[in-house]
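Got a structure for you, written out below as structure tokens; questions coming shortly.
Chain nomenclature is as follows: A, B, C and D, assigned in order of appearance, with residue numbering initiated at 1 for each chain independently.
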Amino acid sequence: MSNELLLSLLVIIPLVSGLVSQFFASKWLTLLISATGVMITAAFGAVAIHRTITQGTIFGLSDWLFLDPLSAFHLAVLLMVFGLSSLFSIRYFGEELEHSYLTLSQIRTFSGLWTPAMAAMILVLISNNLGIMWVGMEATTLLTSFLICVHMTRESLEAMWKYLLICSVGIAFAFLGTLLLRLAAKDLPLDPNQALLWTNLMANTKSLAPALIKAAFIFALVGYGTKAGLAPMHTWLPDAHSKAPSPVSAIFSGFMLNAALYCIMRFVPIVEATTGNTGWSLRLLTGFGLFSILLASTFILHQHDLKRLLAYCSVEHIGIITLGFGIGGAGTYAALFHTLNHSLSKTLSFFAAGRLGQVYGTYKMDRMAGSVKISPIWGLGIFASLLALIGVVPFSVFMSEFQILKAAVDGERVGVVILFLLGISTVFVGILRHALSIAWGKPGEYVDSASINWLDRLLVAAPLIVLLVLGLWMPQPLHSLMRQAAAVIHNTHDIGDAP
Amino acid sequence: MFDFLIVLVILINVRLLATGRIESLISWTAVQGVILGVFALYSRQAHLSVDVFIIGLGALLLKGLVFPAFLLHTTKIVVTSRETEPYVGPIGSLLIGMVALVVSLWLGTRLPIPGTDTSHLLVPGTLFSIFTGQFLIISRKMAISQAVGFLVMENGAFMIGVGTLYYAPFFVESGVLLDMFLAVLIMTVLITDMNRAFHHIDTHELSRLKG
Amino acid sequence: MFPLLVSLGLMLFAAVVAIVPVAKPQTRAKLSAIIAVVADGIGLVPCVSVLTGHPGMTFVAPWQMPFCSFALNLDALSAFFLVPILGLSMAAAVFGVPYLRHATDEANLGAAWCSFHILVASMVTVMLAANGLLFLIAWELTVLSSFFLVVLDRDNEVNRQAGWIYLTASHLGTVFIILCFLLLERETGSLDFSAFSHAALLSPAFKGFLFLLAVLGFGTKAGFIPFHVWLPEAHPAAPSHVSALMSGVMIKTGIYGIVRILYFLGHPSPWWGWLLITIGLVSGVLGILFALSQNDIKKLLAYCSVENIGIIAMGLGLGLLGLSLGNRDVAVLGFAGGLLHVLNHAVFKGLLFLGSGAVLEQTGTRDMDRMGGLLKRMPYTGATFLVGCLSICGLPPFNGFISEFFIYFAAFAAVLNGSLSLAVPGLFIIVGLSLIGGLAASCFAKAFSIIFLGNPRQARAAEAQEVAWSMRGPMMVLASLCAVISFVAPSLLGIFERVLGVFPEFSTGPDVTSSLAQVATPLFIITASGFLFFTILGSIVMTRVGLLANRKVETSVTWDCGYAQPSVKMQYTGSSFSQPLVELFNSVLGTETQMSGVDGYFPRKGSFLSHSANIFIEKLFKPAFTRIETLSHRFSWIQNGVVQAYVFYITITLVFLLIGGLM
Amino acid sequence: MIRLLHPLLALLFAPLLQGIIMKTQAFFAGRQGPPVIQPYHDLARLFRKGAVFSETTTWVFRAGPAIGLTIGILCLIFLPLGNMPAMVSFHGDLIFLIYLLSLHRFFTVIAAMDTGSAFEGMGASREMSFSALAEPAFFFGLATIARLTGTLSLDQLIHGININLWQTHVGSLALVVVGLFLVFLAENSRIPVDDPSTHLELTMIHEVMVLDHSGVDFGFIEYAAALKLWILGSVIVGIAIPVRTGIPGIDISAMCLGLICLAVIIGIVGSIMARLRLLQVPQLLVGACIFSVIGFLIQ
């Protein structure tokens, strides 16, 4: 199969499966088709990633589509998160179907938007053209906004409105950023059709106008940063995450934020090369990262709602990732590693929160006590994932945080080290307190224990095992993929300074 | 001719800042959309091919007719014609608008566009539109006004896009337009839904989710 | 090294055995405990051989992990710490089999044993690790596995709270360790310990900073005041055999860490010594005072661990001071005393916690004021507990005295020969140690007599029975070790020679042996007088038996100045026993009492309640945490729910960045 | 052979010191008083008696007195008297000595607690509290002198104190002696800390702990108490009286005279002072500590 076809299929299959799912009257079938679409895409995606690893960057559609190590790495995370979330959506909505809470139209809304949203995110990753990347990102916002409202309540409407408005504003900035980038390359002797291609821009950084590039980066940073949930643009995030159905929250936190961050990372090497590798953009990233960590940590301390807590935790972790990118050097590698770790653990925690929420009928943490008794599997899931999120050994989150810290210490960034540690320690204390009572507190009287099947076990075990293994052992292919991805951001072929 | 159109856009922004009526907001945005459509077609006259023409015309139709029509339709449904007590009154809005204009002009001097074939008002005009849109979103309470603010922002970005790039990839531009279309569509649908759920569209009261 | 690897493997295997549902939980528990005992035994072999003079060993395995290598190193220092770890684990595993059966329900049994084995395995790895990251992983696993044991009794809110405090404190401590390692890595270029020794060449100020980080980080684990707050919460909450392990050896990993870092840092500055001595004095005196005011036996023991850690810190501090000021005798004896106390404390604290476990199992309470008269019903437990009490008070002829004697000796040497900057700390140590000794004697006289002597204060105490042999056995072994260590003390000097020989500072300059030789004769005489003691005692007892042989020996009620109707309630309780001292030191203890007195002509009922909260929790940590929480509330306006405000933040950010970026 | 002399002296004449104290007190009270050898009569009588044990008690109760006596005898081995050397001496023997006494106290206390009696518990509690404060003062005093004489062995330490040292360091030595004397009073349950002559009431410390002991055991206790008085007394006298002529006759008699004087002083203090309130005892002991501190500082 040619690379062209392969890359196109990655977008087409999900779109088609979203469309197909609309034509069936069976609720289960609709859900299953959507999940099948995701799985097929995942298979093709795996092939594409494999090709990137073995053959290097692959291109398609006159270079408009490509898959370089950076996007391949993100694609791998995406596929993992979507694959798991789709399985979980069967379980999650299946539970509601059994109690007939869901109508066919709601299921159709979900299926019709779920895989197209995936397609949009894949488009973001595989498009070499920064304009198309923007289109994909905006499409993501639009497609996912109605996913928040699968259960239409006052609060979910409010959350959706905030999400839509804030992210649209942000995305508009990102659009301007993209245009400014294009303007900076305006007089380059390039075919206009090829002028917004990232690879072309990278090849011509010497002749770009620094002032415009800087402005472009600021707009892109604020714009995509809004979508990524960087503080202080993160405000939509707790609302949207807490009101969306859990599978949707899982992809929000597990991948959508990273996709936006990925867009920023596409800008970074251009900016750095143009401004003479002074670390200007990296300093901005460091600042946003630290601010996100600290601000999120203050909100984590007094949260009462589990999903909001997890949402703020996402802000914190996106902050950590951004900080890692901002530190640069080995920090970039660590940030990529953290992306993977965070996505896995956050996905699991949203799964668990969702299922437990169904059992308890609330997300208020003081009423969700004793989950291990109520549902051993999911109770364990939420507890383990919360531990993983706060960086407890031997989960791999510890490793990536350690590496980021190491990069900061090696770079003699005293302030960064102190603030970073302050932030994650606060989060540790704040989350741990809740984790203990959620796991082992005294459950309320009217809570039935939940039913459990093999899918539940799989959904808890799979991410946990991966997190555990990565915490103690780094597989060579992943290692080299992340190194190459880091090299893409550093704009070096020499990847010697990464671990 | 360019400068004239850009000044028109800026003046319309000022008008938008000063008005409190939703219908007036929408119709002035429509005018702005039409101007931008003309702007797009005019600025690309030298390279006019079929796809560029389609994009230009599409932008004119969408921004000048379709979006305002959507919004006006929604306004009818939700039966609200006036802003209830915006956060900032007309005078204040105008003052802030002037500050924003000064900032935009200053930023324009810091952001020279390569080449000599573009108007020096283009960047300030764009930024001013962006700021105006932002300000509308921040200072108005009705959800529709915020949608209008979003449109104004997009108009600004559109202006610099077509004003400087005589030839943009068809896919990118059409993708952008499609996204815009969807965004406005979803916003209007959502506003209708919200109106059904809350019996108002005053976003000030949409503040149950906090902390 | 091979036996240790086998030992580690077996421990992990035991952990697996404990949780894989192939047999009944009880069977699995027993099986895994047996495997663990075997593993501990195997592990002890190389440790003992290294301590007896065989060369150290290293092992490096390929491990795919950035910055990490699976490098293990067994030198005399780690062997010295490993011996108590493995030994006490063995005792705890044997004790745990019958104990846990009562302490937890069957569902938790597998998890409890699994955590236990991982705890031991990770402690062993901490001792062996020769790479910073490997060390950290093992270190954190120690915390995590013991955390699960602390919260084993999960329905108990108090235990969960204890678990939270424990994990939080440990984690915050670990942050400092991580920083310390990372800085060492930055300066030496690798996280391997072999590279860390280059740190000796750094500037004194930087080394001082590293030392401070190590004290903060490892001191939290060791339980230095004021970082000790987790200790009195977590140790009582865990099952007793685990408490024994935690108090006996786990907190010593903190001491190990400090010593290990000291080995890297080369020549110390005097203030390091002063710092450790100050910490030691404060921890020692306050620790035992807190212990004195407790009614909960396990809490008492936990606070007492703080005290003993203080004694260890004093020894190490004195050693450091001697080293930095060039007084070899003080240095060697101080270190040796501190290290020996590590070993000794493991033995007697393990013994005491096991004893408290036995008592807890029989009486169902940790409140000493509900016990009493148990010596008659549990003679073995009582006798071994008494040995533990005597040892922990540092009374001859048991092992606690030996290590305190080292420290005294070093302190007196400092007072005798040193300049004033050495003599004054030495004097403080002498006084502090003697005060601690007196308070400890009071504390354990109270503990032993309230639990084991007098009349039972409650029905369950009256129905207590001696525990199973498999619980008695470990206690008896540990009790006899208390005596044995004391009696073989002169021959232990060679071990210290080797342990200190690893220290680069000691491998150069005058011989360690000559300094150690000073205590050889005293130790020999002390040992000999131990035997003499028993000889004289024997003859006196014979005399007594002879004298009483043909005389009338009666039994009666306690005379009590002729009061005819003594009641059980009239006995002195633990709180009344410690009342004079508690009142004397009330300003630091903050003991609160509530009394409703007996009033009127026909008084009905009076009540008295005393409660000693930890002043550091109440006055330092709680307010600090509350403060942080209130501070965090200050920011909640940011998320005020108004979408306009949210967009406003974005605009402001953008404008600032634009102006700042393009200026 | 001379090394055996001091232990023998102590074993034989320790009760005599108590007799002297009683005689002195009687003299001050204007009474005839019992003969000086009355303590020997008491001991003999006790050793002839049977015993009554409380049902509550265990072996700990029986072991207490025997261990106490054992320790009293063991301590004598390490004890010099002026120029008269100790049987055995080593570096750090003073630490060992103090801890042996501590062991003695520990067993006395738990033996008392074994009865389950409120009175004895009270005494035990006080004994432990006060000794915890007395011990640092004792150590402080010895440390001061150890620094002055430059040795850690009690034998050499006492030996090293002579007229010259007193002349050069009279201030510190005097303060240390005062401090040690206060500790001595406390450790031996003397007025103003404790009153051994009453056998009832809530005011007692040591005596109340042995309420339930009888017969042979009580004899052990009494004898051990006498030995303890001698042990601590000989340390104080050794420091306070710097007669080191090297002529055995003069040295020994000087020391014996010193011990008798000490007994008389105790008697006088016991006669002219009242017992302190319990709350003031810690202040006294802290005072003793401060004496030693100043002694250390001004050397």
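As a working rule, contacts are C-beta pairs under 8 Å (C-beta built on N, C-alpha and C of every residue); 3 or more make two chains touch, one makes a residue touch a chain.
Here the structure is a predicted model, which means the values were calculated and not measured.
Novice: Tally the contacting C-beta pairs at the B-C interface and at the C-D interface, and name the larger one.
Specialist: Between C-D and B-C, contacts are more numerous in C-D.
Novice: How many Å are there between the centre of subunit B and the centre of subunit C, using C-alpha atoms for each centre?
Specialist: Centre-to-centre distance between subunit B and subunit C: 69 Å.
Novice: Taking the mean of the CA coordinates per chain, how far is subunit A from subunit D in Å?
Specialist: 78
Novice: At what distance in angstrom does the C-alpha mean of subunit D lie from that of subunit B?
Specialist: Chain centroid spacing, subunit B to subunit D, equals 99 Å.
Novice: Counting in whole Å, what is the centre-to-centre distance of subunit C and subunit D, each centre being its mean C-alpha position?
Specialist: 36
Novice: Tell me, which residues of subunit C touch at least two other chains?
Specialist: Residues 636, 639, 643, 645, 647, 650, 658, 662 of subunit C touch two or more partner chains.
Novice: Counting only residues that touch at least two other chains, what does the list for subunit D look like?
Specialist: Residues: none.
Novice: Mark out which residues of subunit B touch at least two other chains, giving numbers and ranges.
Specialist: Where subunit B meets two or more other chains at a single residue, that happens at 107, 110-111, 134, 137, 146, 203, 206-209, 211.
Novice: So which chains end up touching which?
Specialist: Result of the pairwise touch check is A-B, A-C, B-C, C-D.
Novice: Considering only the defined contacts, which subunit C positions touch subunit B in the complex?
Specialist: 636, 639-645, 647-648, 650-651, 655, 658-659, 662
Novice: Touching residues of subunit B toward subunit C in the complex: what are they?
Specialist: Listed in rising order, the residues of subunit B that touch subunit C are 87, 103, 107, 110-111, 131, 134-135, 137-141, 146, 203-204, 206-211.
Novice: Tell me, which parts of subunit C touch subunit A in their complex?
Specialist: Touch list, subunit C to subunit A: 63-67, 133, 136-137, 139-141, 144, 151, 154-155, 157, 160, 163-164, 167-168, 171-172, 175, 178-179, 182-183, 185-186, 625, 628-629, 631-633, 635-636, 638-639, 643, 645-647, 649-650, 653-654, 657-658, 661-662.
Novice: Which residues, counting only subunit A, touch subunit C once they are in their complex?
Specialist: Interface residues on subunit A, with respect to subunit C: 161-162, 165-166, 169-170, 173, 211, 214-215, 218-219, 221-222, 226, 232-233, 235-236, 238, 280, 284, 295, 297-299, 301-302, 333, 372, 392-394, 398-399, 402-403, 405-406, 409-410, 412, 417, 421, 425-426, 428-429, 432-433, 436-437, 439-442, 472-476, 479, 499.
Novice: Could you please specify the touching residues of subunit D with respect to subunit C in the complex?
Specialist: 47, 49-58, 60, 66-67, 69-71, 73-74, 77, 88, 90-93, 95-96, 98-100, 102-103, 105-106, 109-110, 113-122, 124-126, 128-129, 131-136, 138-140, 143, 146-147, 150-152, 200, 211-212, 215-217, 220, 278, 282, 289, 296
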